[in-house]
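Report on the following structure.
To keep things simple, chains are lettered A, B, C and D as they appear, and every chain counts its residues starting from 1.
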Amino acid sequence: MNDSALDPRALAERVGAGMFAEDAASRGLGMRIEAMGPGHARLSMRVRADMLNGFKICHGGFITALADSAFAFACNSSNELTLAAGIAVDFIAPAMEGDLLMAEAREVVLAGRTGLYDVTVTNEKGQIVATLRGRSHRAKNKRVIPT
Amino acid sequence: MNDSALDPRALAERVGAGMFAEDAASRGLGMRIEAMGPGHARLSMRVRADMLNGFKICHGGFITALADSAFAFACNSSNELTLAAGIAVDFIAPAMEGDLLMAEAREVVLAGRTGLYDVTVTNEKGQIVATLRGRSHRAKNKRVIPT
Amino acid sequence: MNDSALDPRALAERVGAGMFAEDAASRGLGMRIEAMGPGHARLSMRVRADMLNGFKICHGGFITALADSAFAFACNSSNELTLAAGIAVDFIAPAMEGDLLMAEAREVVLAGRTGLYDVTVTNEKGQIVATLRGRSHRAKNKRVIPT
Amino acid sequence: MNDSALDPRALAERVGAGMFAEDAASRGLGMRIEAMGPGHARLSMRVRADMLNGFKICHGGFITALADSAFAFACNSSNELTLAAGIAVDFIAPAMEGDLLMAEAREVVLAGRTGLYDVTVTNEKGQIVATLRGRSHRAKNKRVIPT
């Protein structure tokens, strides 16, 4: 069976599961895949005590890690190996210990091997905690998971 | 004794030590303060197995966490409480397990309560792994550590 | 009559017209306001010969000028004086002489006096030429046009 | 004679002059090349009345145009055709009519065909008006000017 035998959503789910199984970083931070689709990924992460900085709010690096993982899962969802080239993150509201953060990533545009993705990180009250815009670069003819 | 009794470098070192003692996130990731000065910070971090993503390279979130910590230490170095408003990160070369990364943050400009900082992350071979440009916003009349 | 006597769309249209009348830059580049609404603006500009760079494609500065104007009109649409703090622009496809570019700006989030806006620049074929993400900062109690 | 017969500075100067002669946009805005070198360019532009926005300060698009031109001249200085992929601009201080702006662009890193450049725009008082960080992408085996 090859990729083309799967509908895009089923393929995205399979790629997500395959990436996640190998992704010690995302698993170690307690992330969970909540949804996968073509050009789309939604991941959650709960803010732990070991993610707090000296101001007792979630370190921006961990918020970025969640958003960056959602970006990576979205831009690899069609099973063509793709890497992040650059990200821009805006921090809007602080995240506190215990907050359940949700990062939703969506493809904005794909032009040749370059893609742009938007990620929005929200808390349980629906407030926007941060936004990320990511630029991706697709490798030539490489798969994320075996077909 | 107050801040003005200290030269800027001694104050920066004291602020850095005070922030770091309270910063569970940076300590949990194994970061170390290598140098502090006015508008300047240098932090190191070794890439651990639990920082690798599904492609077996360091997850961009951890590289960002190191760079973001260096940015935070630099922009708080004069003991005026300052928060990150936004960051832009460009990933240049992958970082591998065991790599000792060094993040050097320097103030570019401070205009009123807004600051710009550049951070360069390098590996032991001196290769640039990533760059971060951060925009900071200073709170009014708040200290980082007691004076 | 004051602002509160107008519905938000009518207010946005009035602010847009007032800003545009004073905006030598946007008028000189041949921009036109196509639509205004609360947190929203759509502006058009045709690529002229004097906007081409040495590669005979539209200079990125002019694409940015169009997107930045749309951003400015959107973030001032409620008649509270607001300035651009920073922008990130991704260039996706070249624009050629004669192309009619359309820039659509929308508010992503407004948190206190800081706002985030997304602008998409498309050509007549509907292709995305560039995207801009802008961060704005609102002045305290200043109007754009008299009320 | 080919490129390798020139020292890098002479080549950069020749490329700059060749690009500028073809660049209607930069010439039309009154820019001047002040210096060229390998991975380096310095351009000036005086703020004209037709560059002012509705707030009577220089429209961000024109500041960006100057910075973006400096970026383009710097990243093409070795006569290998290179295009801007994305830019991030931070506006620090307003520029007024008559101000002579100077944009200085320098290569931060070149990794394969991807480059990062920093541009600083200052006024005659030496104040930083804006900063730009640009990401460039080099074409394969294309020249800017004939060799």
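Things to note:
One rule holds in what follows: a residue touches a chain if its C-beta (ideal position, glycine included) is under 8 Å from a C-beta of that chain, and two chains touch if they have at least 3 such contacts.
Nothing here was measured: the structure is a model prediction, and the numbers come from that model.
Of the two interfaces, C-D and B-C, the higher number of touching C-beta pairs belongs to C-D.
For chain B, the chain with the farthest CA centroid is C.
For the pair chain B and chain C, the distance between C-alpha centroids works out to 34 Å.
As a whole-number value, the distance joining the C-alpha centres of chain B and chain D reads 29 Å.
Distance between chain C and chain D, defined via averaged C-alpha coordinates, is recorded as 23 Å. Listed for chain B are residues 85-86, 88, 90, 114, 135, each touching two or more other chains. Residues of chain D that touch chain A in their complex: 85-86, 88, 114, 135. The touching residues of chain A, counted against chain B in their complex, run 18-26, 28-29, 49-56, 58-62, 64-69, 72, 81, 83-91, 144.
Chain C makes touch with chain A in their complex at residues 88, 90, 92-93, 108-109, 111, 114, 116, 118, 120, 128, 131, 133, 135.
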